[in-house]
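So the structure is just underneath, and the comments pick up after that.
Should a chain be cited, it is by its letter among A, B and C, assigned in written order, with residues numbered from 1 in that chain.
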Amino acid sequence: MDYLNGITLILNYIFIPGLTYGSQLALGALGITIVYSVLRFSNFAHGEFMSFGAMSSILLSWLFMSFEINIHPLPTAIMVLPIAVLLTITYCLIVDRLVFKFYRQQNSKSVINLIVSIGVMFFTGGLIRFIVGPGDRNFFDGERFFLKARTFKNITGLNEGLTLKTTQGVTILLSVFLVIVLFWFLNKTKTGKSMRAYSDNKELALLSGINPEKVVLITWIITGILACVAGTLYGLDKSYKPFTYLHLVLPIFSAAIVGGVGNPIGAIIGGFVIAFSELIITFAYKKIFFYFLPAYLVPEGLLQILSTDYKIAISFVILVIVLLIKPTGIYKGKIL
Amino acid sequence: MTNLARIKISYFLMITALIVVGFLQSWNVALTIFNLCVISSIMTLGINIQWGNAGIVNFGVMGFAALGGLANIIISMPPTSNAWNVGGEMIIIGLMIFTLSVFFSIILFKKSNLNNRVKYIISFISIISGYFIMRFLVDVPIEKIEAIEPAKTGYLGGFNLPVLLSWPVGGLLAAFSAFIIGKISLGLRSDYLAIATLGISEIIIYFLKNEDWLSRGVKNVNGLPRPVPYEIELQSKEWVLKVSDYLDIPITELSSIIVKLSYSILFILVLLIILFLLEIAVKSPWGRMMRAIRDNEVSANAMGKNIKQRHLQVFIIGSTIVGLAGAMLTTLDGQFTPVSYQPLRYTFLIWIMVIVGGSGNNFGSIIGGFLIWFFWVQSEPLGLWFISQITTYISDTNIIKSHLLENAAHIRLMFMGLILLITLRFAPKGLIPEVKR
Amino acid sequence: MYLLSGEKITCGYGSVDIVSECSIGVNKGNISSVVGPNGAGKSTAMKALFGLLPLKKGKVILNGEDVTNLPPQKRVLKGMGFVPQTNNIFPSLTVKENLEMGAFIEQNDLNKMLEYVYELFPVLKDKKSQDAGELSGGQRQQVAVGRALMTKPKVLMLDEPSAGVSPIIMEGLFTKIREIADQGTAILMVEQNAKQALKISDLGFVLSQGKNLFTDSGNSLLANKEVRQAFLGG
């Protein structure tokens, strides 16, 4: 019984949150990786694109909520997601036409594109704050839990509860769905293959008659979808504040690089490595020991490897370590 | 237009703009802007020598500036009585043990011939055990130190030395960490280097935010000593009273202007010294070699130039300048607030200054720092003015109008983004382009 | 009248002319080889024929039609195929996907063409699900040629097909090239290994410093004393 309690504890505080946060990071990292492998630059504006997607979902949710149109028990944001995705794609495409296209035609160095993306980041960040303001926005509605701690305790008779928040369930399911569709697209469709070909060898792709502008268009469409979904899910799960999305860029970059930039599978693995490391390193193990060891062996203190205050810093530490030991990442990515 | 003409015109316009602010808003505002303009220019000079001359992308501005700020505490604050008695040394010893364990692993990796798996295992064990020994040594002392009057002190304090000393010390702190950061990350290509330095600077900020025994963390350190007189002291001075009468300015305002002017003089002095040294460096064979490496790394390498060594030198020099400017900024603020260090404000804004001013031109960096800081401050009121102009005919009770007015301040982020994008598109060399030597 | 010909073409990078007033051509079902010393402008001429480099003077005629001003992609549609010397495959795509990309424009008889290429290079069929980047040099070259064949080109242009390939593999590759030509595809290739190339060629062009020096049938060039001494090492 004690062991089961201990396992429930791990599931509840590490496994489910890790899966959720990992999915959010993985979706973000996929966006960064895809832009990198096709357009050859690190897109610092990606966090703001996610924020833009979340903002679109919020505004649309409010609109539908005011008409009392919803899909209870699921949050309204999930219902309006397709429209929000369209808005985000449109924004990405407009930015590409007005900004990035020029540098693509000039064949600018990747570092110039990186600085350009910082300009886009500033502008988008300002635009978003101008539209919804800088404050905290909660747009969650619907049923809060798929599984309540009390229900779980009643069913199993354990001391420890297991909860599954609606946002966590939705995040995990939607991410799995999106990733499956993405991989099907990249590996099985003609357009997806042409994208991979373009990212592999641009000159030869041109010789083969692959239309570069079409590849770029598809790239931004995928980026828009990933950014909007990731941003909305993160906002639903943790509440939306424009400021936090700037800070999300770094863990996302860490995930992409740790997995191997330019490699979609790597981006997903990287997202989960970062998410689980953060949770495992900052978890207080006292209670676990309590369940697994006889009472006289349980040590004093919280038994935390690192204080929770350092949670986000862990992703940077992992990033630095990976860059030092294996800059190509876990899965061999393209070297920047 | 020649560069000299560009410099003359842009500097003239900039000074005029500040004077206009002096007349329209107030001289206090103008001097506040001016002082921060100077500090921004110094940071910009530091980044410019790295990016403009060597092509190194350093996104760690925030971290180096914060280390400079930390120097203010270490140098100028009085030591907290008792803090050293309850185990201050233990913290230092603990940190040293951890550092040694890390260094041991690094040396093991570089020098030994063991196979890789053994190396990984040994260094993993060494770092982990170093970490836990440190925790064992420091946890209790830290708790005790942070318990000493937490509302007022709760940290080690400093050495009670003149605050001006913290400027060079801030530079040194930054230089030391730049040496380590450069050693580990300068081998990376541009995008990786940018992300790595940004990540490391975030780690530095997290450390300062959470290690209360050192920097009081989010509780901030207030009341740092000043290198210039206090307003209250000035107000009782006879000559100040006389000048106040003569110029017909209220004594409170005059005293604050005098304080700001004294800062300005100190800052300008530092700016001129750094500019002078950098101009010599850039024109020297060292500077020429740096640009040769930037323009063609392959051929420079073939010519036997030690690129890594050169890059490390320029990385340390630039970061030192940023650290110095960071120390000056904290002295001007009179307090150290770790939470205020944001990449948007400290890293990316400085980069906009470098690009807009003109990569590779020191005089460009200065005008870039001035111009962007000026607009960063002034675009808030400008945005508000702009919005209220276009909404003049909408009634005041309209929700959209009040919403627009409420958020008008955020136009400045959009504005900064636009300035950067327009510069990169239409004048990629910046206001004052690099001189072809 | 050639199937594909470059007539008195002049081109180069910047103000330097690397190829001047040079004429090259190939007939249906034939192989034409362009040989010559290093820096003779062979590869440059090839790129110019395919439109990867603008012409300063001269014309490119395909099947009687002037294609001088068409971009490379359009030339592919008109029936030209090109295998670059390096970076001629998509390394992270599988062999089969590489071939599919070759037929990106024309996918009507995709399976028929795949069968044709697999028949020509049986080893590719065995490795069709493997990443092309993992193959050996000779196999990569087969993927590259196979990719170009997927559009059923009238003319296939090869830039140094034997580069980085061992002599035994090279011989096999040349046999395959002859086979492709015999089935009706004209082949225009640039080769460093002049002797072997001329042996299988119907027509040879010897270039030197960007100009035509000799133009004759492959065998006659091999027999020509001057050519042998100057370019074929005796």
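Quick note on the criterion: a contact is a pair of C-beta atoms (placed from the backbone, for glycine too) under 8 Å apart; a residue touches a chain by one contact, two chains touch by 3 or more.
Everything numeric here is computed off the predicted structure, so don't read it as measured data.
Chain contact topology: the protein chains form an open path, each linked only to its neighbours in the line.
Pairwise, the chains sharing the most contacting C-beta pairs are A-B. Between the Cα centres of chain A and chain B there is a gap of 30 Å. Distance between chain A and chain C, defined via averaged C-alpha coordinates, is recorded as 47 Å.
Look at where the CA atoms of chain B average out and do the same for chain C: the two points lie 58 Å apart. Residue positions of chain B with contacts to 2 or more other chains are absent. Residues of chain A in contact with at least two other chains: none. Not a single residue position of chain C touches two or more of the other chains. Interface residues of chain C facing chain A in the complex, by the touch rule stated above, are 72-73, 76-77, 82, 84, 87-93, 97, 100-102, 104-105, 107, 147.
Touching chain B in their complex are the following residues of chain A: 41-42, 99, 102, 109-112, 114-116, 118-127, 129-131, 133-134, 246, 250, 253-254, 257, 307, 309-310, 312-313, 316-317, 319-320, 323-324, 327, 335-336.
Residues of chain A touching chain C in their complex: 190, 193-194, 196-197, 200-201, 203-210.
Chain B makes touch with chain A in their complex at residues 57, 184-185, 188-192, 194-196, 198-200, 202-203, 206-207, 209-210, 343-344, 348, 351-352, 355, 403, 406-408, 410-418, 420-421, 424-425, 428.
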